[in-house]
Amino acid sequence: MPPESSYDIKYFKVEWPVPGVAHVEINRPEKYNAFNPDMWHGMPKIFDRLSEDPNVRCIVLSGNGEKAFCAGLDVQSASTAGPVSQPDPKLDFARRSWAIRRHVYDYQNTVNAIERCEKPTIILLHGICFGAAIDMATAADIRYCTKDAKLCVKEVDVGLAADVGTLTRLPKIGVSYSWAKEIVYTARVFDGEEALQVGFASRNFKGKDELMKAGVELATFIASKSPVAVQSSKALLDFSRDRPIEDGLRYTASWNAAMVQAEDVTKAMMSGVRKTKPTFEKL
Amino acid sequence: MPPESSYDIKYFKVEWPVPGVAHVEINRPEKYNAFNPDMWHGMPKIFDRLSEDPNVRCIVLSGNGEKAFCAGLDVQSASTAGPVSQPDPKLDFARRSWAIRRHVYDYQNTVNAIERCEKPTIILLHGICFGAAIDMATAADIRYCTKDAKLCVKEVDVGLAADVGTLTRLPKIGVSYSWAKEIVYTARVFDGEEALQVGFASRNFKGKDELMKAGVELATFIASKSPVAVQSSKALLDFSRDRPIEDGLRYTASWNAAMVQAEDVTKAMMSGVRKTKPTFEKL
Amino acid sequence: MPPESSYDIKYFKVEWPVPGVAHVEINRPEKYNAFNPDMWHGMPKIFDRLSEDPNVRCIVLSGNGEKAFCAGLDVQSASTAGPVSQPDPKLDFARRSWAIRRHVYDYQNTVNAIERCEKPTIILLHGICFGAAIDMATAADIRYCTKDAKLCVKEVDVGLAADVGTLTRLPKIGVSYSWAKEIVYTARVFDGEEALQVGFASRNFKGKDELMKAGVELATFIASKSPVAVQSSKALLDFSRDRPIEDGLRYTASWNAAMVQAEDVTKAMMSGVRKTKPTFEKL
Amino acid sequence: MPPESSYDIKYFKVEWPVPGVAHVEINRPEKYNAFNPDMWHGMPKIFDRLSEDPNVRCIVLSGNGEKAFCAGLDVQSASTAGPVSQPDPKLDFARRSWAIRRHVYDYQNTVNAIERCEKPTIILLHGICFGAAIDMATAADIRYCTKDAKLCVKEVDVGLAADVGTLTRLPKIGVSYSWAKEIVYTARVFDGEEALQVGFASRNFKGKDELMKAGVELATFIASKSPVAVQSSKALLDFSRDRPIEDGLRYTASWNAAMVQAEDVTKAMMSGVRKTKPTFEKL
Amino acid sequence: MPPESSYDIKYFKVEWPVPGVAHVEINRPEKYNAFNPDMWHGMPKIFDRLSEDPNVRCIVLSGNGEKAFCAGLDVQSASTAGPVSQPDPKLDFARRSWAIRRHVYDYQNTVNAIERCEKPTIILLHGICFGAAIDMATAADIRYCTKDAKLCVKEVDVGLAADVGTLTRLPKIGVSYSWAKEIVYTARVFDGEEALQVGFASRNFKGKDELMKAGVELATFIASKSPVAVQSSKALLDFSRDRPIEDGLRYTASWNAAMVQAEDVTKAMMSGVRKTKPTFEKL
Amino acid sequence: MPPESSYDIKYFKVEWPVPGVAHVEINRPEKYNAFNPDMWHGMPKIFDRLSEDPNVRCIVLSGNGEKAFCAGLDVQSASTAGPVSQPDPKLDFARRSWAIRRHVYDYQNTVNAIERCEKPTIILLHGICFGAAIDMATAADIRYCTKDAKLCVKEVDVGLAADVGTLTRLPKIGVSYSWAKEIVYTARVFDGEEALQVGFASRNFKGKDELMKAGVELATFIASKSPVAVQSSKALLDFSRDRPIEDGLRYTASWNAAMVQAEDVTKAMMSGVRKTKPTFEKL
């Protein structure tokens, strides 16, 4: 297990409930885990490290505290700095826009880090899950939530279109497009029951304790599988999602031409024959 | 509010239940609102105007009368003119096909007008919703229906594949692809209960009155939001639906680089702080 | 009806329950219909013939025996030959990979034959449906299953990522992406109830008898429709699924410019007027 | 031949040098044929009509006067109206941007009309060809020029990136990308000799007279060919240019499935046998 | 070297000028090597075998006789059979179109076989190179020609648009798009000098003898290189040509992750150090 | 002008010949500027900084010394470390491949930094330009070379396919595809004369001095233009190159909706009227 210090980033806790499972906790409960600039820049560092850390096989992402997974952008800190609220008065409009575009790329990068992370991420949603919370949720692999979670694509209520990933990924996660547009245009809150029913989440739970337990159990189970198989599956599903069948198949064949030569295949088959539980090397 | 006359197109009524909301009614109830050539050409004019009309923030589309939202193509008028049923006998097959292709582009254009309209459109489906009704429904943003609505991708029953949009959009609205193919190949009727259950619609209602009420309420609510935020969301969702994540994100960043400088953002934030209801400028 | 002999391929039975309907049965019940090399190479031959056979209008695909639709790859035969388990020792790693890539293309080709087949295919899933069964299911048009079917994306449990089509098509069949990743990463079994609920299947049934009956009935019904209409619909839905709306519409218009000149359209309209049942020519 | 009046649009002349050939002349020589708002809105009307006019088989586009094909945007008229130079002072920055985006779409539409026109267009470039001239040139099918034509992607010199088509189409017309970026970033003038050498144009000529003569001759020659063959070729080349080989081939097969049944094929073959010159029906 | 008999296909000769080089000769000189149905179906068989034949490293494709590489479709045989010239009179127009579409796919398949062949193909163009000759040329990897070769995209002259590959591939082979449209719309002949100048061919030669000699020399040289390197390059160039940079890079990385582990890399590096000529294993 | 120290990266020199122009020099002349791991990791740091440095408007990239721009990968250092030549012996083949894929992404990242850099880059090629040199050249905006430069896609000669960008970008820079495949499959050297003739480079020069002078002059000229205009042009050309015309136009319109509100437009127009030379603000 890696020294925790290497993941020592302000406002986040990284723990190791079992070998192979990293539990990333957003840790600013006094502010409902709202994201300030430190957090926007800190999170990709964590996920980029987890991505290449051979000790990690599956990641659980949750929010510290009872109230909220994440209340979104920290409006207070956002309103005192940054090109949106405090544009440089010397800049003309086009140059302000240029600065904002760079800024949006920056924030998108935070969320992309979850998707481009080689390891699967299970996001555990409880309490308030607004704005950036949905950006992160749509970028994660698996969404679990509490039944009473309060989810909201909040951006329309602050006068703008969500630009950090939600609008890009919502049409691709297998939910009714009519429902997706309804929750985006109205910024209405939907709870964990509705999230399950429409397929936004794949399971829901009574309270945060049950949620956390189930999340870690799922992660532990996934971590027991061949990391070559699991991580390849993530890469191939996400590549194929965006491209024609033909391209997905060809990419998959090239990928697996090497990957099926992993000793994991032999190990798994042997274990199947011998009815034993295989152990797989790190990746 | 614009003079109604400017939307005075035969077989359609455009009304303004509340400021910002346009209610477009297909108005040929004596023929179950079946579409004749006047209607195919009239409807894009309405939606193209609504698209740029600053008085409009959200659109409701419904069918006049108790029996039907729309029974599809008016077979009677279709059988007496047009390149399909009355091809010019002097033309060889290839030239007839050329004429038909132009004709199909024309009809596709009617339906595309709903999708390319900058303002969100809520379609309210009741009674008979056959053929062209589904073309329009899949192009609209939000689908609501009565529980006893009778919906049908009818084209296979008239010996052809749906070519005005249904087959292109059905695979992209977040419904089971197995279900979609079943209803297409069989041309079987499905009701509003099934429509909700599979995610074709996002809500359903007891009867037309409830449906209309809910549709106008939703439109009113959406019209109270920042039009910069709502219309941007529509543009970005639809662009992203068809393209890789990477492209969706880059387009979004370029779009919002200008849009987040709307005064709507400041207004919305101020209102949040002061607990007042913001009013947004037209767009 | 074609002589059955022309579809005389080892390990498959092709029967004609009613005119126009081909029933392809995987016929190796003593091995749970697991696929050996003969079957991988035989199946595309059947579907490529069915695709152009004018006597065929709809296909039902099922597995012989009570226990399984298909248990996946026949591990025993796979472990004694082929570039994965028995690589040529004279080859370096890159050349082995090259051989495997060709091999994967080969197996993908088996499954693609179902999708590229011009005629719609209804897959009837019962009992054990593992690995290759899901590859075939995602490539079929319509998925029906028994309530107690045991479905599983098994590949992670044998140490590899599914590379014959499942990972490429799962993100495109209208199921929750969170659910899809969960069943892929865990290789957990889901039953026919869950398959219906998430939209993987569009109907489910008490037992195999009911399933077979419903499958053949649906196929018979589809076979009574215009083959021009049905087969065009399949081609246009699948083309559009992978491409922007704009491309789908243009392709559709070019396709139908010829197809709507089928006599099927006149026949269907006449029958509508006269309340008779039309009969359509072969295709 | 159509009555010339039907193409009676201010600042343009449409003439018919020979049957089947339309000669569109930009007709504002006193201003170097610079485009004012009337012209931006007039030109698509002309090309959309030519596109469906069965009397037209090939189009020649040139500029009246000795000095210029077109000097680009009419800066004077542009500076007194329009959302760029005279933004509505009541609008916030985002709403101004929204108005500009609509405005750019409008201007792009002018240029797209040349590309989406079903009939091939030969553009004849002489004298000054700045800004909008290049937008039009890259959208035309065939580029001819005089040796001393002065061509320039002028936009960088007025402080903006070309947004009406040049930057989108330059990477796709088969010229060195290094050269393309050089002329864009520097806004330097290149002459007709260079245009030919890099493949921007496919022929060049001593002076305007020779150019006009050659352009009309080429158009006359193309107009003598089967319009089904020529117009199909345009449609298929342009569709394929932007898409993978696989998509281009499938679209082509669907298109030609109808088109090869034109009597033009029989006529052309017969003429080949009999050594006569075929005459083809209008399209 | 494989027994020549295994490539014994009517109207083609396959010879082995040097080990590793296959010389495919179109062998119907008495008819200017025009393609009849036997040849359309025979050629993909040859190239699909060459593709997987480990004895083959590079292919030269030429036409027997002094007069022609290939005069295109054999009009005589085409006019006595096939769905275009001899449609089944019982079929309605749509069913004829369906038959033609299948037929076009068939012919496209002939030409695709050159492109999908894993081994690079050098096409040697001399004499008459009409119609199908250009389809093959655009699908080959490297085009060489004699200076007096007569090349022509002939299809417009027979009343149809080229549908076997030329229109799809011409926009992608790095020639001026203005020139490409000119030669397509006019069906004019261009010679080998022009072919070189515009980049259609990369070299030209005085006569057929010089051409053949240079072609075989180039093939011999390519055959001396690592087949892993050469064949990978073909696969990666063609995949990337049709897709965004991002996709090309990712596919390349997955492909090479296995391929750079070939012993060819070590061998090549060693030879570089020792100044010897490496010999590479078959592929 | 920024302190040079901030670009103080080993093996590179960054100088400022004139305000706004950064001259990046590869500085390992004793090894023909061959790239070792320090350089692969250092170069993206430089370009990512230049990308956002407001003092920079145009970049010139050259190689120090008389002999070479860059001789490619430093084989010596490559052969003593890294997953290709020194794979971890404990890893199975699949895990080695995984490590190599990460490694290739890493190297691709070096080259991508040139393309994603917001500022245009002029690459000045002299002497030996092998392997990685071509990767960099195809990623740069403008290619200039000496007439006697020796260019080579060298990878096939070291037994592998080029995987750092050359094969992905060569089909997109507007050179004959036949020529491109020829130089890739043969790894033959082409000189600066040929590079100009085929359009790989857009200008060539007698010797390094002339080359350097011309490069800096061009950069100086570009730096005198509006940075909003130039940098927008780069972004829009590269986005459009990979996507359909339709997408390129929409992205461009969204981008420019903000950018044309730069004061650069007014300044440029005023200067045009007053015949003065405008000065533009940094970006």
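We call the chains A, B, C, D, E and F, going by the order they appear; numbering starts again at 1 in every chain.
One rule holds for everything that comes next: a residue touches a chain if its C-beta (ideal position, glycine included) is under 8 Å from a C-beta of that chain, and two chains touch if they have at least 3 such contacts.
Every value quoted in this text rests on a predicted model; they were computed, and no experiment measured them.
When the contact pairs of A-B are matched by residue number against C-E, C-D or A-C, more than half turn up again in A-C. When the interfaces B-F and A-F are ranked by C-beta pairs in contact, the top one is A-F.
Chain centres here are Cα means. That of subunit B falls 48 Å from that of subunit E.
Subunit B and subunit C have CA centres that are 33 Å apart.
Along subunit A, residues 93, 97-98, 172, 174-175, 199, 228, 243-244, 246, 254-255, 257-262, 264 each make contact with two or more other chains.
Residues 52, 91-95, 97-98, 102, 228, 258-264, 281, 283 of subunit F are the ones that touch subunit A when the two sit in their complex. Of all the residues in subunit C, the ones that touch subunit A in their complex are 75, 79, 84, 87, 93, 96-98, 100-101, 104-105, 108, 112, 115, 155-163, 165, 167-172, 174-182, 184-187, 198-199, 242-243.
Those residues of subunit E that touch subunit A in the complex are listed here as 239, 243, 247, 250-251, 254-255, 257-258. Residue ranges of subunit E in contact with subunit F, taken from their complex: 120, 141-143, 172-175, 199-202, 218, 221-222, 225-226, 228-230, 232-237, 240-241, 243-246, 248-249, 252-262, 264-269, 272, 278, 280.
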